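Order of writing sets the labels: A, B, C and D. Residues in every chain begin at 1.
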Amino acid sequence: MTTGIALQIGQTLLALVLAPMLMGWVNVCRAWLQGRVAPPLLQPYYNLRKLFHKDAVLAHDATRLFRFAPYIIFACMVLAAGIVPTLANDLPFSPAADVIALVGLFALARVFQALAALDIGTAFGSLGARREMLIAFLAEPALLMVFFTASLISQSTELPHIVDRLAHQEFALYPSLAFAAVAFWMVSTAENARIPVDNPTTHLELTMIHEAMVLEYSARHLAMIEWAVALKLFTYSTLGIALFLPWGIAPAGDLNALPLALLALALKLAIGGAALALLETVNAKMRLFRAPEFLGTAFLLAVLGMLTHFLLEV
Amino acid sequence: MEMYWLLGLPLAGGITLAFWGHRAHAPEINAAFSLATLIAAGWLTAHIVAEGPVLIGGDGWFYIDAFNVFLVALTAFVAFTTALFSRPYMRIEQAHGRVNAARLRLYHASYQLFIGTMLLALTTNNMGILWVAMEAATLTTVLLVSLYRTPAALEAAWKYFILCGVGIALALFGTILLYFAAEQVLGAGGGALSWTHLNAVKTRLEPVVLQLAFVFLLVGYGTKVGLVPLHSWLPDAHGEGPTPISAVLSGLLLNVALYAVMRSKVLVDGALGGASLAGALMMGFGLLSVLVAALLIRRQTDVKRMFAYSSIEHMGLITFAFGMGGMVASFAALLHMTVHSLTKSAIFYAVGHATQKAGTQVMEDIRGLIKTNPTIGWGLILGTIAILGVPPFGVFASEFLIITTTMHQHPWATPVLLTALGVAFAAMFGRVQPMVFGETTLPRLPHQPALLPVFVHLALVLMLGLFIPGYLAHWYRQAACLLGG
Amino acid sequence: MSLTYHLQVVNLLAALLLLIAFAMLSQRRIVGLITLFAWQGAALATSTAIVAWSTGQHHLYYSAALTLGLKVVLVPWYFFRLIRQLDVDREVEPMINIPTTMLIGIILVIFAFNLALPISQMAGTVTRSTLGIALASVLLAFLMMITRSKAIPQVIGFLAMENGLFFAATSATYGMPLVVELGVALDVLVAVFVLGIFFFHIRETFDSMDLKHMERLREK
Amino acid sequence: MPETTLLDWAWAVVLYWLGLAAASLALQTQAGLTRWVVFPLGILGAAAMAVLGALALASPPTQFILPIGLPELPFHLRLDALSGFFLILLGVASSGVGIYAIGYFRHMAAGPLAVLSLWYHLFLAGMALVLLADDAYAFMVAWELMALASYFLVTTDHKIPDIRRAGFLYLLIAHVGAVALLLAFGVLHGSDPARMAAYSFDAMRENTLNPAWASVTFLLALFGFGAKAGLVPLHVWLPEAHPAAPSPVSALMSGVMLKTAIYGLLRVSLDLIGAPPAWWGTVALSLGLVTALYGVIFAAVQSDMKRLLAWSSIENIGFIIAAFGLTLIFHADGKGALAALTLTALLYHALNHALFKSLLFVGTGSVLHATGERRMGRLGGLIRFMPWTAWLMLLGALAIAGLPPLNGFVSEWLLLQAFLLTPGLTQPYLNMAIPVAAAVVVLAAALAAYVMVKFYGVIFLGQPRDPELNEAHEAGWPERLSMLGLAAGCVVLGLVPSQMIGWLNPVVEALLQQTLPNDGNWLMVAPLSAQRASYAPLVFLAVVSAITLLVFFGVKYVYHGRVRRAAPWDCGYPELDARMQDSAEGFGQPIRLIFSAFMRVERITPDPFDRQPQYRGDSRDKVWLWLYQPIAAAAAWLSAQASRLQHGRIQWYLIYSFATLIFLLVFVTR
């Protein structure tokens, strides 16, 4: 149990630390692919530090909701990161929430983000909030179908059990998971405000989704949000890893497997980040109302995955 | 003994009021006579409760059993409350100059006589006298319908007279055929028309003749019941006559006519040996009436006409239930007769005052009653809700039984019934609600309206919905057995 | 032997009754109509009297007398007086196409006879076959009421109907109990009286006895 | 003299409410007494009712027969676990709302207040009686009493034509539904239908119908109760009636009255008919999903706050009915445990909805009092003027949006678990179709979040869209107290699912003879087995709040807590104006674009050269077009035909009689 607690905390801290680096890594790769001079890998950390030092500027009638939202969002992301098995598989927190609760957690963070964006009452804030919620309700059904397909095999929505079933019992190829993986990729681009649904680096307010919501934030509040964004990307990546290529995650109570697990994780994240950068380079951001089609496709793929499970794997 | 009081009092009242009917206190005299009649009826009722069915009079001129005793009580009661209501009502009418002294005299005299004829029709044991009384009931009311002497009133009265006259004539032919058939069994003489004798030998009566007789009787008395398509006189008469008369026509006369039909039905059923010809005919008429009346309610602009059509609808429902026969259905029909006449008369009281306030019967011009006269408003909307068969009012009790019985005896009929009830609900409630609610421009009434009867009636109906006294239920059951349960 | 003789007379009168009924159906003038009505009443009274005499049903004499007094004397007199007062004397009624009416009448008669046939088989009375005629004249009177568009003719039709009924009562069943007879007679009397009042009201309100003024109460 | 049972007490409370109704009629002149004596006494009754219900969960069914009603069919009453649960729901919600009512009707004149209190308590009594009734007649009487009372409550403010229309529509549909129920009971009679006694529920329980009639009964019942619950396409009255009623009444109607329909469905289909085939479940499931989606989509495009809540009630009812359908499917398939899980989710959600919907409705009532405005386009920024209302409403909004760790999430989570566990049904089609249905549920839930962000953001956040909003005042203490209580209920129900499931077990067992195995502990709920799924809201809340505070103070400590106030940046745009925020219509625009197929959109958009630019957008329900207008037209046509009968010429009337006579003569002598 103590090891469990230790692992839990260690893993969460690891996520906290690694998240900005993953963000940085993606930016580096993208710069390379676009033939630009890459920013340092640790640039996100510099940004965070700078932001923490600055004085926070709040609009005159910003309410407590506006001030607390960043911390709540951050906390939600930390918990999420703690629940998803990244290195080891026995986590005391994980029974607190299965994948569905995880979706709920993300939703909670999102709603606070949107409410905070509405608080000041600027045109861009409400625009961003509206678009964010729009993308969300389009993405969530697809996401659930993905989880559903994944949980069909292990008859469980508990991540550790899914990982256990896939990684630590007899190896099998699941075509259904292939579909699910693609769908998951599409959904997570939408959820993490990445191209082609949203462009995290844009400076044109009218095309913004996520950025438009945080325009009024500054200093430490902005820092919390940026960090939360990074954590979210990290969590989604590890979630994808846990669902679709969990090999390498240490089984419960096996401490010797940890270094290997760490290595595997780093490798997977590096590849994943590179792939994300690649896709973001070759794709362009699509118009907002193309998003339903995009996510509809994701939903379709997930359903297909489920059906293939019923047809081929039962 | 009380029998003679019961019939003598209205007669005496009629004669008295024929001379005094225009005096200042004539309404009180009218009410007093009605009260006396009510007491006599109560006396008779008590007697029956004590001793069961009795033949009264020389060689059984009058026959009181479970079927007509409660109708007698009901008739006397509603007659009394209506007299109470008509007290201020006719005063206001006189104040508005719509009736003069002579007409008031006519009104009061014929009111009493009308009640008398109905009581006679209910109590007599002789099918011939029954016919005479029914005809007399028409004659005493026809001049009341035309009381206001407006073209519309005259037209209504004329149609009432001719249509009911013809109908009644046909009923007479039916009675003759009945006599003709009875004569074969009982031999000539008075006995051949007395219902008790006929009932005793009904199984030996000639079916062929009785069939024809029943057709004539049904068409004849059915005209007075207001069964579609014989109903044409009813909305006109109710719409144009003075409201108290509409109340008693709707509340009582229709019941009495239906009573006559049922008395003959018993004989026919006996003669045909349970073959349900009569029942089938009545069910047909009933359904048709319910449907057509409900559809016509939707077209109304005149409030009294609308409630007249609702009377047709309910009479149709009762006829249907009687036609279905069987213990529960007949029980429900009898209950429905009671609650319908109570509720409908209550509604007409409220409507009467409302129309007096507005000075019109056009519903668009009656608005927001609840503002100036809350009691009238509540009376009207509660009455409407009650008549539309919303529990816990008694009308629902009977409709509950009727519909559930229909559902397992004749499921095919339920859609028709329910469509009709639904349409009627939408139409009536949609028209009454704005009359009661909303802003108003109406003035207050000069006289204090007599709304006690309204709420007494509604209270009774409410009680019957929640609790039916034992002896009443007992009568209903006996009557239901009698009517072929 | 004498019975058959009486029977023949009654049948003859019955035929007469029917004939008059047809005549009334085709009569345009109101005065003529009333006369015909009186004649019908007379025929009715005679037949009643004969039946009474031949069968010794004494209360039928009263009934015959009643008929005579009411339908032959009182009512026609009253009507004549009425039309003189209302001077609708020369109001000639536009009848709808007499031949068709006649045709319908014939059909009705056949129908009535067929209807009455099984009944009259079982009648114990001497004059049973007249029931069909009675029914026929009732239906004809009904038809007349339908075809007439003026008030007075309609009422006469109504009363003619009563005649038919009386005929049925007396000839087919030797009359109802006297009480009933009296009651019926009373009703007829009152009815006529009421109608009289009516006519005046109608007259002073519409200044015409034409029923087409009385079509205002209808569903729009 | 037998000892008094719980049922006796429950009946006593009903009588007590009836007495209060009568008393309030007597207090026509003392508004103060009505508000400060009658209503509090009513609340006492409600609390007592909740306690009785809670006790009834554990104890065996009790029943007795009242000496009123029809002869041979007197009122039967029965109190079992199911009734008990719904009595708890009724008691809890109505005590919360009752406290609110004390404050809300502050400004009402004595006369109207007396009438209102009369119908209010009759309404409570009617609902309680519906839950207690044990024969068809008593049930129908109670059912219609409930409808009637609520009708008069809806039309409290009858001066306004729209409200009258709403009330009429409501009563009409309620009546049609009641008639359907009547038919259902007519079919569902005991063994000997010729006797009235056959219409007691006991007789119905003993009698087993043949499948065809059973299905007829079920469909009639679904229609009848659906009309009351707001099942599409019978929902049209709901968005009209709820906004029309005074807010406490809307709260009661939406929170409690709709649930009586759910109670009826459960009672009839699982208790009275018994042995439901799977296809009933499929029907209910699909109807429920359609309703949920339909409701939430329309909620998203509303611009009137109470109307929005009404549509969201339709959505939640859709959830519940879908859960009901799934229960039937599992039950018919012999998957007892899964059926138990679904039924638990159903009951849980019913209770949750009663709490948060009441909370939201009374909250809108406070907003209405403070601003006199129902259109969200005229509100905004109220969190600054009425913080209590705003923060408590935030809890309600999060709860109804189905966000952890509040109660809305628990029931949705349980329901989704049930959906995820469908594999293993014997029917392959259901196997594959139901997961997709789960996706619909999730879609509706996510849309609900959208709706709530819109609802809360437009009303309470941002800039006041109207200058006089700056005078908006906070609600009085009774209102705040009641909102506090309801919000607390939402939180507690969210945090202790394990215990709740334990309490619900008797109800589930009574209906399905099977309880839901809970593999969790006091901290964690794990239906069926911890291997499958688990959820520990307390841990959840603890971690999130701990991290929040930790980070908050940590940042303050490590760096600094300095804050500068300035004008909003807004990307440097100098003059910021409240009218630049999204209006309610604006916020609904994406939904309108995506789901335009569902609705008929009517918009007036200004062209660039308008002097006074006007914008009006309205999204109408197509069901009116396709269903109700044709029916009305048909009725109109028929009655027009019928009215030709009655065209004034007496000759024609005579012909009718003549023809009838001839026809009948031919008919009998044929």
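Quick notes on this one:
Convention: a contact is a pair of C-beta atoms (placed from the backbone, for glycine too) under 8 Å apart; a residue touches a chain by one contact, two chains touch by 3 or more.
What you are looking at is a predicted structure, and each value in this text was computed from that prediction instead of being measured.
Common partners of chain A and chain B, by the touch rule above, are D. Taking the mean Cα position of each chain as its centre, A sits at the greatest distance from chain C. Across B-C and B-D, the chain pair carrying more C-beta contacts is B-D. Averaging C-alpha coordinates per chain places the centre of chain B 31 Å away from that of chain C.
With centres defined as mean CA coordinates, chain D is found 44 Å away from chain B. With centres taken as mean Cα positions, chain D sits 36 Å from chain A. Per-chain Cα centroids separate chain C from chain D by 70 Å. Annotation for chain B: residues touching 2 or more other chains are 158-159, 162, 166, 208, 212, 235, 296, 299. Residues of chain C in contact with at least two other chains: 115, 142, 145, 154, 211, 214-217, 219-220. For chain D, residues touching at least two other chains, in rising order: 643, 645-646, 650, 654, 661, 665, 669. Shown here, the protein chains touch in an arrangement that is not a line, ring, star or fully connected set.
Chains touching one another, given as pairs, are A-D, B-C, B-D, C-D. Listed in rising order, the residues of chain D touching chain A in the complex are 380-381, 383-384, 394, 398, 401-404, 409, 413, 416-417, 420, 423, 428, 431-432, 435-436, 438-440, 442-443, 445-447, 449-450, 452-454, 456-458, 461-463, 524, 526, 530-536, 539-540, 543-548, 551-552, 555, 558-560, 562-571, 573, 576, 578, 580-582, 586-587, 589-591, 593-594. Listed in rising order, the residues of chain B touching chain D in the complex are 158-159, 162-163, 166-167, 170, 208, 211-212, 214-216, 218-219, 223, 228-230, 232-233, 235, 277, 281, 292, 295-296, 298-299, 326-328, 370, 385, 388, 390-392, 396-397, 400-401, 403-408, 414, 418, 421-423, 425-427, 429-430, 433-434, 437-439, 465-468, 470, 473. Residues 111, 115, 142-143, 145-149, 154, 211-212, 214-220 of chain C are the ones that touch chain D when the two sit in their complex. Of all the residues in chain D, the ones that touch chain C in their complex are 643-651, 654-655, 658, 661-662, 665, 669. Residues of chain C touching chain B in their complex: 57, 115, 118-119, 122-124, 131, 135, 138, 142, 145, 151, 154-155, 158, 161-162, 165, 168-169, 172-174, 176-177, 179-180, 183-184, 186-187, 190-191, 194-195, 197-198, 201-202, 205-206, 211, 213-217, 219-220.
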